[in-house]
Amino acid sequence: MDGLIAPLLNGSAQGALLLLAALGLSLTFGQMGVINMAHGEFLMIGAFSAYLVQQVITASGLSIPVALPVAFVVAGLFGLLLEVTIIRWMYRRPLDTLLVTVGVGLILQQAALQIFPSQGVPVEKPRWLDGQLTILGYSWPMRQLFTILLATVCVAALSAWLKYTSFGRRIRATVHNRDLAETTGISTRGIDRLTFFVGSGLAGVAGVAASLIGGTNSQMGAQYIIPAFLVVAAGGIGQLKGTVIAAWAVGVALAFFAYWTTGSLAQVLAFILVIVFLQLRPQGLFTVRTRSLA
Amino acid sequence: MTKKPWISLGGIGVFAVLLLAVAPLVLTDHWLNNLGKYCCWAIAAVGIGLAWGRGGMLVMGQGVFFALGAYAMAMHLTLETAGDRVPGFMVLYDPLAPLPMFWEPFRSAGFTLAAIVGLPVVVAGALGYALFKRRVKGAYFAILTQALAVALAVLISSTIRETGGDTGLSDFKYFFGFVLNDPANRLMVYLIAAALLIVCLLAVWQFYRSRFGELLVATRDAEERVRFLGYDPANVKLVAFVVSALMASIGGAMFVPIVGIITPAEIGAAASILMIAGVALGGRASLFGPALGAIAVGWGQSSLGSTWPDGWPYILGLLFIVVILFLPNGLSSLPARFAAARRKPDVPPTPVIAAAELEEVRS
Amino acid sequence: GARAGDDAAGAGSSAAASCVDTSGDTIKLGFLNSLTGGMAISEKTVSDVLHMAADEINADGGILDKKIEYVQEDGATDWPTFAEKTEKLLTQDCVAAIFGGWTSSSRKAVKPVVEKFNGLFFYPVQYEGLESSPNIYYTGATTNQQIIPAMDFLAAEGVKTLFLAGSDYVFPRTANAIIKLYAAKLGIKIVGEEYVPLDKDDWTSQVAKIAAAKPDFIFNTINGSSNVGFIKAYYDAGLTPAKTPIISVSIAEEEAPAMGHEVTGNYASWNYFQSLKTDTNPEFIKNWKAYPNSSGVTSDPMEAAYISLYLYKALVEAAGSFDVDAVNAAAKAKPITFDAPEGKVTLDGENHHISKPGHIGRINADNQFDIVWASDKFIEPDPYLEGYDWFPADIRKQLTDAAG
Amino acid sequence: MTDASLVVTDLRVEFSGFVAVGGVSFDAHPGEVRFLIGPNGAGKTTCIDAITGLTKGTGSARLGDTELLGRPVHKIVRLGVGRTFQTASVFDELTVLQNLDIAAGLHRSSVSLLRARRGVDRSIEQALEETGLAGEPATPAGILSHGQKQWLEIAMLLVQDAKVLLLDEPVAGMSHDERTATGELLQRIAARRIVLVVEHDMDFMRRFATRVTVLHQGRVLSQGTVAEVQADPQVQEVYLGTAGAATTAAMAVVLERED
Amino acid sequence: MLELTDIEAGYGRTQVLHRVTVPTGKVVAVLGHNGAGKTTLLRLAIGLIKPTKGRVFFEGENIASLAPNKRVARGMAYVPQGQQSFGQLTTMENLQLVADGRRRGKALIDAQLARFPALEKFATRKAGLLSGGQRQQLAIARALITEPKLLILDEPTEGIQPTIVAEIEHTIMQLAGEGISVLLVEQHIGFALEAAERYVVLASGFVTQTGEGGSAAASTVRAAMAI
């Protein structure tokens, strides 16, 4: 029994973090078709901004709540910068964005390594995240609950934004056919920038969460990027609910594998799992039907 | 699609002379050895050029096949060195246990060579068949292959007794009976690698000018449409993918005796992407681009990497950005551009690729 | 070329005649550390401290009146690159000796190359032992100078059950293999063993298992930033130093700050601590604090790197020459000793390791270590654990054969 | 060259409940230019999709005595069934010549695929001539204009020498004379092949159709000669248009297109 | 309204249009063979490609540098060739896309749904799944919702069933009547000229003929265009 509940929670928490990391991608990759390999580094930027906030607001109880929006904006601005300087020229060849952003990632990593202490910096967890909450006999670490909560909020906010404003529509239209969108009166440039800002900003938020769970250093982004992409892909491109489910599934799978096998094997198995899944459902969990060739 | 095939054939000739005759004369042992290493990457790069440049399959997991060849070779050399003893690194974890089963056949040189060729073909064949039949393409394909490479790297790192783990396999004394420390033999090994590179170039040269080459491009641009001409695009892509895997494997196999060590780091995400970097830099779709690009990147890592280590990541990063941004078809497209400026106008490359790719990413 | 069985086949006899140039009034040395990639996190400071040592030595006259002229190379966290750069340093830059490396993998990549070209390599990090090479000097601890003291400490604490947590690579695996052997002897029960890839920070699942196993102590051989994740997960799971303390062999003054208050109260086994009271330590600390872009704290690997250069100086001066064979001869001739920040250390001319004091420190609120245990005397290096009957002789034999 | 006919019986296509084609039957024979007309959304393209294996359909579509339904797309093509698309799609990156060469390639052995192309096949030259693309062999197909692309598609069908040509609005966007040229081309082709044309240009239909099938909401509304079909009040009702505000304009158009 | 004077334009290094001047007028028809450059001209009018030379004025202002969406904001609307719509969006979403942020957006949509029953019927279906003609109707509907001052139509009746062709042609006449100007590419010369106040004939990028509209012109134009 314990062998089920514990991994389930850990898994959900891991899934939540994965989801946070993937959420931004589901916009920039899922909706815009940009394969942003620097997303992991935006996450890192979020984490470092959390650290910097703590240098100003030393009361760690307060600093994290403040850090979240700050990280969102900072990472978002970096994303915006990337969009206006580079990505904007690349919409016509999505696969190439992958390579360009790999370059960006390299640069950001090295910069972080040189600017901050190479060993990384501490992000103090607020006291109110100390200890555990005991629900139905199981003690649930506050920090994990926090991650899950944060993820839930972000998903809700994002889906509301896409659903209740016309942005979702405009983004999809822009991606599907830029020229047509432009001639339909949509300011495609505006849409691009906004989407990229939000997508990258979400990475920043994920960074804060990550900084509370692991180390905050120049390398931290690297470990999230591939899983995040897998999650978006498995969820079905441009399918928010798919992303959510996939993230949770991968997280739990990781936890269970880790529980029953070794930490390394868990990584391998989880990857294999997703790959096999995509083998079976190449379009991911939820798919958009298109009339072939049309 | 090379307009003037015979010129490029001449080019290969010149390249061959440079690699096989000139380089050994002018380069120090150290740099010749490095060049040998770059050649191994170049061999893999040529394959990537075929799969990605012509086939539109962004193979980000060539590390997997590089590893197959490399580890096959490394296991053989390790056993050759260890003689009838169990390799040293295995002893500690379980001194009494025998050699793992899957090591045994690699004692035989013949089997090893067969494996270097056979393994990638089988694996890539199976993988490619599964993926392409299910019409996995574009970004999906890229990310999947990348994930595979990462998974394999982790797996190897964690199976220390079976594979040497993250330390990898190293300290080889012999290469099919030749003493590796003997300079003459090292030269021989280098020449083999260089020769293999030339062979691969010749192979793709023929591919590109063949009808298959055109069919491949057609499949890249409008996969669905190809069906209506009576071809199964899956098979077309499969051939290109398998060939590129084979080349990666060969590159990996030669990497081992030249560099003297193979580790999971050479097959993980970073390494696989670095291979792509070379191809992008040189020109994905051109004949020489990938090879030259790979050699250039390798050289940059060796030289710039040591004169200005802190700066190398910036340089590499900028390389990616600038080249992809301004020279989507790599440095090798520069001459063509100048020429085209005078020649009768043609299409700007970008808008046309667009549709196909966007399709891929969305669907 | 030569075939197997020719006399040339005898282990890499074709070592190129060294091209080291000792004519001028400078001597070239090579520093080889990962300045990029994952390990840069740890190795950057080591390279800095090497530079500092070189400057110091130059300041008071250099080695045999030759100023050190160092060539810094980047290992890029890539073992083949370590091999390539070693060859470059030896054959292109013609350095007299190379200093650096961190992971065992990097050392194992360098080893065949320095042996082939008969160069010198000084390795400054604690490692899993069971190795020795005429061309390598180890200034970090071998197992019997760090792991075994730690185990003795645990035994003294009356620990009955132990959980092993480590990164998934050669050092932790080997260390734990040895720990298990010794634990059996000490009557300590190993209640679990977990590994996570070096580059993964998330330890929650594994820590859950630890919590379930309720060990008296956790033996931590995790390396790099993965430690941060481990400590945070440990803290979250409600584990505390009071109930389930950790003893680490890779968390030092450098790493601790990144873990904030959550690591406080846990233990680490090292030979050197910044808090050590020795005659030379204060100056070492002072110089380092003064050194440009220094991290402000000193740690065991830094100290080991720092003294590796002084060890080389001592050796060369004893030999009166930079020639490798001469240096090795001098090492054997009479014991080399000198004052290191960790105390008066002595080189073992046979296995090229140095004697070291064993220390256990406990992490305090400002991420420094309060020393809670010290070995009664300096521990002689014993990489092959010949002095320990619980270590199976057959393994030792096979290892030495495989190496030889 | 073929006397086998294309016989479609009770063809049905459903899309998650929506019946796009509900039991359509018709046949087309060599030597006739068979037209398939009907309102937008009647199911014409879907019929072609089903016959060519692009979408799943039930019922039967036989060429001679080989059943087409249920085979993978490329197999069907190899049986000699070729089609064009309502929105022209050719290989933008390749030149006109290369496009044709690939189309011609399906009968080549896989070995010969690996050999380089020498010279230009007779069939390709012919196709270029017939479709008036003779001037453009080296132009990248991507920069051809809309109409030029459609001709290229027809040319591709010719070289892959399909027994059955299914043409989805082949003259859309062509000028009057170009339509005439295309129509005559189709008549020539039809002598030896089965030609099925989907079109909305009634003028074009009148001039070149031998027999016509009218679809409406996925069913056959009417079949017969042009005259018969035009006379059919139902057809006028749902398709040609008679009553309502449109009449005058429509008639005006129809009339003026007569010449 | 829209003035295009001495236009030179093309793609990359391909020059397609050579010193093209389009006469001004309420309804202007652009005629020509395949590849003549009609679409190119319209793409230029809406701003998808920029002229290398020449004047592009709208309501007396130079708009050469305006992005297409800005031009739409100023009252231009464009129906591209080839039944283009946003395949991933439903028919309704396609319409809302343009209706968004307009007063009476809802009413405008309903008006179009009334005009094209098929759209009403398939309102919730993904546009990519619509039939060709349905997509074309959708494209026109999108354009009309913006209540444009200038309507740019590239072969609007292509692939549409005769009854609706008539409907569309009727609509165009109507709109012209209401004082909306139209720039029209149309292969059905008869209708085009009937509707047009002025016309221009392009041949491989050069203007070969311009003149007053009206059925009378038909024969001269055919002569000009005969192959």
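Labels A, B, C, D and E are assigned to the chains in the order they are written; within every chain, residues are numbered from 1.
By definition in this document, contacts are C-beta pairs under 8 Å (C-beta built on N, C-alpha and C of every residue); 3 or more make two chains touch, one makes a residue touch a chain.
Predicted model, so just to flag it, every value in this text is computed and none were measured.
The chains in contact with subunit B and with subunit C alike are A. Relative to the C-alpha centre of subunit B, the farthest chain centre belongs to E. Distance between subunit A and subunit C, defined via averaged C-alpha coordinates, is recorded as 37 Å.
The geometric centre of subunit B is 45 Å away from that of subunit D, both derived from CA atoms. Distance between subunit B and subunit E, defined via averaged C-alpha coordinates, is recorded as 51 Å. Multi-chain contact residues of subunit E (touching two or more other chains): 11, 14, 88, 129.
Under the contact definition stated at the top, the residues of subunit D that touch 2 or more other chains are 86-87, 89, 143. Shown for subunit A are the residues in touch with two or more other chains, namely 110, 175-176, 222, 238, 262, 264, 267, 288, 290, 292-294.
On the side of subunit C, the complex with subunit A involves touching residues 36, 38, 40-42, 44-45, 168, 194-197, 199-202, 204-206, 208-209, 212, 225-229, 232-233, 236-238, 254-255, 257-262, 295.
Those residues of subunit C that touch subunit B in the shared complex are 1-4, 6, 8-9, 11-14, 35-37, 72-74, 76-81, 83-85, 87-88, 91-92, 103-105, 108-109, 111-113, 116, 130, 168-170, 173-174, 177, 195, 197-198, 392, 394-395, 398-399, 401-403.
Of all residues in subunit B, only 1, 5, 206-207, 209-212, 214-215, 217-218, 220-222, 225-232, 346-347, 351-353, 355-356 touch subunit D in the complex they form. Residue ranges of subunit B in contact with subunit A, taken from their complex: 58, 60, 130-131, 134-136, 138-140, 142-144, 146-148, 150-151, 154-155, 157-158, 224-225, 269, 273, 276-277, 280, 310, 313-314, 316-321, 324-325, 328, 350-351, 353-354, 357-358, 360-363.
Residue ranges on subunit B touching subunit C, taken from their complex, read 28-30, 33-34, 37, 80, 82, 85-89, 91-93, 95-96, 154, 157-158, 160, 165-168, 170-171, 173-174, 177-179, 181-185, 187-188, 259-263, 265-266, 270, 301-302, 305-306, 309-310, 312-313.
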